[in-house]
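First, the structure itself, so that you have it in front of you.
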Amino acid sequence: MSWLQEFFTGAPGTTTAVVWGTWVGALLTLCIYSFLYKDNPFYKFAESLFVGIGAAYWLAILYHNTLKPKLFVALFPGDSGEPVLWYRVFPGILAIFMLLRFFPKLSWLSRWALAFIVGMYAAVNLTGFAQADFVEQIYATMTTPLTGGGVLSFILNLSAVVGVVAVLLYFFFSKEHKGAMGVAAKIGILYLMVAFGASFGYTVMGRVSLLIGRMTFLLRDWLHVID
Amino acid sequence: MARGFNIRSIDRRIIFVLIFVAVAIPLIKPMGLPIGVSPPVQSLYDAVDALPPGTIVMLGGDYSPDSMPELQPMTIAFLRHAFKKDLRVVITCLWPASPPLIEAALTPLVEEFGKEYGVDYVNLGYMTGGPVTILGMGNSITGTFPRDYYGTPVGEIPLMDEVSNLSDVALVMEVSAGTPGTREWVQQAVSRFDVRLGSGTTAVGAPNFYPYVSSGQLIGLLGGLKGAAEYETLVGAPADATKGMDAQSIVHALIVFFILFGNVVYFVSKRSAAVADGRSRS
Amino acid sequence: MVALSFGWASAQDESVTDEAGLPHPVAFPPAPPRDLAAADFVDNNDAGDKIELTWVLSPDDGAEEANVAGYYLWRSESPGARGDTLAFVGAGTTDFVDDTAVPGVPYYYSVTATDGTSLSDDATFGPVSGRRNWFTVSRLAVLVLAGIFFALVLTFTRLAERGAKLFVRRIPGLNAIEEAVGRATEMGRPVLYVPGIGEIDNIMTIASLTILSHVARITARYETPLIVPTARAVVMSAAEEVVKEAYAAEGKPDAYNPDNIRYLSDAQFAFAGAVNGIMLRERPAANLYLGAFWAESLLLAETGFEAGAIQVAGTAMVSQLPFFVTACDYTLLGEELYAASAYLSREPKLLGGLKGSDWMKIVTIALMAIGIIMSIAGADAFVEWFHTN
Amino acid sequence: MRREIPLAITFLIGVFMLVDFFVPHTAVTTSADELKQWGIIVIAASILLGIGNLVRVHSKKIARRNEGWGYSIITLTVMAVMLWLGLWPGAHLGPNEMIGTVEQGTPFNWMFLFMQVPLQSTMFSLLAFFIASAAYRAFRLRSAEASLLLIAAIIVMLGRVPLGQLLTRNLPEHAQLPWITETIMAYPNMAAFRGILMGAALGVMAMGLRIILGIERSYLGGEK
């Protein structure tokens, strides 16, 4: 397979692999951009490549980085000198159960595996959100630095406390939004709109950045118009 | 369209061409607009900068190619800062696509700073599991990542002798494109194991994380390409993010113009339509 | 050279050291630190190997003369001896966590101040031993608050199961949905209902299917065509069931048209493109987008707006809400989507969760108010109780 | 039994992981740590399941000659090639396993960097165009709320780029766009997201409780 070795040999960035790769990448980029004109076979071709390579890539790296060290080597270390973790037989069995989903007669066993991870994730997320996103946020609001920072800091920090309370009340459903509750909800919606506005601005920024990234690839790596 | 031609239903392909031009021209003819640094970026930089040489930090690379233009510059700027300060870096990935992207960032930097794999830095590769994996690292990093990206058992990697769990890491920099990412790190590592966490996120995610900045759960935050450009400025090595800022400025201005102009056209035509429509409602 | 290994090298050249590498006590040593105390340290991964030491600074620490350079800490297994050097810490430090203790072994600790050349007298404490702990006390707040919340949720769920009338206010978004459907009926044009591109196990998709059932009953009543494009095969079959059932419940099973529940494509942009095609060809007068949406939200809302349809959206995907708010006539924000589904279905588990969250929010607001007052008043113990790490 | 055993598994694992959060004693933590490793393995199997499903969907499409079945052939073919390069020991040239860098000469990595990377990153950069078009055609100041949203958006869009800094650099500090933007982000935006976050946390906690107690069983799927 010497031609393949040659393909990858050379100074960094100038190998045949990189030169050809850049061309392939550029053509695929243009295939996707053709969608801007309208949906067409080039776009569909690129999209089907994307799905296939993505899935196979994931599978391969899942095997090398997760399944092999954690399951296969743990059970059969061979001469690597690592200890045998016999109890990894159990998750191994659960993993096989999970895949029995493909066999209608035995697919009920896959629920055991599913139940295992659903239970684990339910608990891990429960404590994670309870601590970091609930109790810690209460603590952070309590310790809002209202004093000792001057007038502007006082106003801004107070506005933050008011905002947290108003947003919580906006999403309170056990009482009609009338009277004092109505006022709180109105204030809440103002905060939400400002936040969504910020989110809007940031999202625009992100999308534009992706385009800049691709354009840099086309103009620099492919066409060498810029450096 | 069915309504017949008017300026409102202008072919969107014209808009596409304008956007294309607004990105390409500033890239070809840069203006070099100044980059100001925002407080959440400064505080992250200061925290990293204050670490003594030899300190072990962790880089969490959790993104895929679709957010690479925003996040790859952050990874590069952070690694550059860390290598410049002689910090040692342990890299972990919760997204399957990250390890080769991180490798691509590392290759030129390792050459430039003369760093040695396994001594100055290590890439532990991808591990599935998200929050559970972070939790696992709180107890044992080597138990959670038994081998590195290249399949070497961690027992054979000198740097990993000094790292047993997250408390042996002075700071974690999480470069995050979504789930699992910054939120999971805050929940499972910061709150649970008292880890010091800084984060770089896509612009789409950044506004969500300000409560964590305010509460101190995040020591700093880089939001999108601008955040990356700010970090590049602080590290003193302007690169891709900084170069993109001119185009970013021009396109933002163009989009703001579109919103304003679109609204003016809309309300003017609605008023004239209301006048013309006065007698017969369709 | 203990001092050197802690990066404290300034005084090292002049210091006189014994074999153990420690400075000799010579003339004017600094005053000793006081009140050394040691206690088992509880942390989130407590194996009983951590003991926390605290002491009061030497009076000379920070004073102009005889400045203290730092403190040496010793650990011994017998009283009256310094034992092994544990650590050197810089001036101004008043605590240290020894994380090398063997659980259950009694230790005697000593601390001395040093100015770099001489050592003060010792402050000692002991015996103390590390314990494997059964509860992380700092997390009590999480346990208590989660406990209160769970009690509320389970109580309300039980009440709902017993048929108690639990009040939930009507979400204005539902009125907007009904108006939009009414408008389409008036115009004799179809209603388009997009249940998002989430999988069937996504709670937004589940909430959306509840609302779909409500919408289908209205369209059944008025015999207005209802088009439901889906991006997931499983969601399509679920939507079929929901719509068919609603038409049957309204006594119009014949008006149900299975061709209008369509699977278009799993691919995000291909799906959006196909839905846009429906909007332009079949010209629905009302577009309802309820469920989990990602980047395609923008493409749908834009085309629908251009086509002149009344649009109502609802999602808990925060990053997509801005686009819906600016391009749709009405938008259900985040939790409103779930509340609308609980309101319509009256399912006990949904109502219990909703009511429980509601009252927990009131508890939270009250706690925050008290906490802020306490914090300003300097009652730190109350506030710190909520600091859980 | 087909329902009871999964519900019991969920309950036991869930409760044990909750206990692990509060109890630092090694009697709990040692086995909880190993259980987390098991969780990672089983999750990996669920990813295999997802990929298997993808293969099944495309195979069916080809077998039935559904619309676009030709594209399904492309998907499955490149998938097979990529898998062969990634898993078959004879297919690689690199020093370390099949993965590695381009410099080390692995075709697997070449396909990732020069096919997957451009495809995936270009796909989402399309949104820059779509957002611009929607900005002109659909984002309307239709109500007080939408107007407030768009005004905040415009300030942030200009304040977060160097242009905004340049335009307002001669104004007093608190009138400069970058300062206003950071203030919006750190106060009203922070407050609203904190409120949303706390509400969402309650939602996740209630869902977790229902799953562990077996009140919520929809994840177990059909079979009435």
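Each chain gets a letter, A, B, C and D, in the order it is written, and its residues are counted from 1.
Note that in this section a contact is a pair of C-beta atoms (placed from the backbone, for glycine too) under 8 Å apart; a residue touches a chain by one contact, two chains touch by 3 or more.
Just so it is clear, the structure is predicted and the values come from calculations on it, not from any experiment.
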item: Steps needed, at minimum, to go from chain B to chain C via contacts; value: 1
item: Pair of chains joined by the greatest number of C-beta pairs in contact; value: A-D
item: Most distant chain from chain C by Cα centroid; value: B
item: Centre distance in Å when chain A and chain B are each reduced to the mean of their C-alpha atoms; value: 12
item: CA centroid of chain A to CA centroid of chain C, Å; value: 16
item: Separation of chain A from chain D, taking each centre as the mean of its C-alpha atoms, in whole Å; value: 3
item: Multi-chain contact sites of chain D, meaning residues that touch two or more partners; value: 21, 29, 36-37, 39-40, 43-44, 47, 97, 99, 103, 112-113, 116-121, 123-129, 131, 133, 135, 137-140, 145-146, 149-150, 153-154, 157, 160-161, 185-186, 189-190, 193-194, 196-200, 202, 205, 207, 209, 219
item: Residues of chain B engaged with two or more neighbouring chains; value: 9, 16, 19, 23, 66-69, 97, 99, 107, 127-128, 132, 135, 139, 149, 151, 190-192, 204, 207-208, 211, 214, 223-224, 226, 248, 251-252, 255
item: Touching two or more other chains - residues of chain A; value: 12, 35-36, 44, 47, 51, 57-58, 61-62, 64, 66, 70, 120-121, 124-127, 129-131, 133-134, 136-141, 160-161, 164-165, 168, 171, 192-193, 195-200, 202-205, 208, 210-211, 213-214
item: Chain contact graph, described as a line, ring, star, complete graph or other shape; value: complete
item: Residue numbers on chain D that touch chain C, as the complex places them; value: 21-27, 29, 57, 123-124, 126-127, 130-131, 133-134, 137-140, 142, 145-146, 149-150, 153, 193, 196, 198-200, 202-203, 205-207, 209-210, 215-216, 218-219
item: Residues of chain C that touch chain B when the two form their complex; value: 7, 43-45, 306, 308, 318-319, 388-389
item: Of all residues in chain C, those that touch chain A in their complex; value: 139, 141-142, 145-146, 167-169, 171, 267, 269-270, 273, 318-319, 321-323, 325-326, 333-336, 339, 343, 354-355, 358-359, 361-362, 364-365, 367-368, 371-372, 374-376, 383, 386-389
item: Chain A-touching residues of chain B, taken from the complex the two chains share; value: 13, 16, 19, 23-24, 27-28, 66-70, 96-97, 99, 107, 125-128, 131-132, 135, 145-147, 149, 151, 153, 155, 183-184, 186-188, 190-192, 202-204, 206-208, 211, 214-217, 223-226, 240, 243-244, 247-248, 251-252, 255
item: Residues of chain A touching chain C in the complex; value: 35, 39, 44, 47, 51, 126-127, 130-131, 134-136, 138-139, 141-144, 146-147, 161, 164-165, 168-169, 171-177, 192-193, 196-197, 199-200, 203
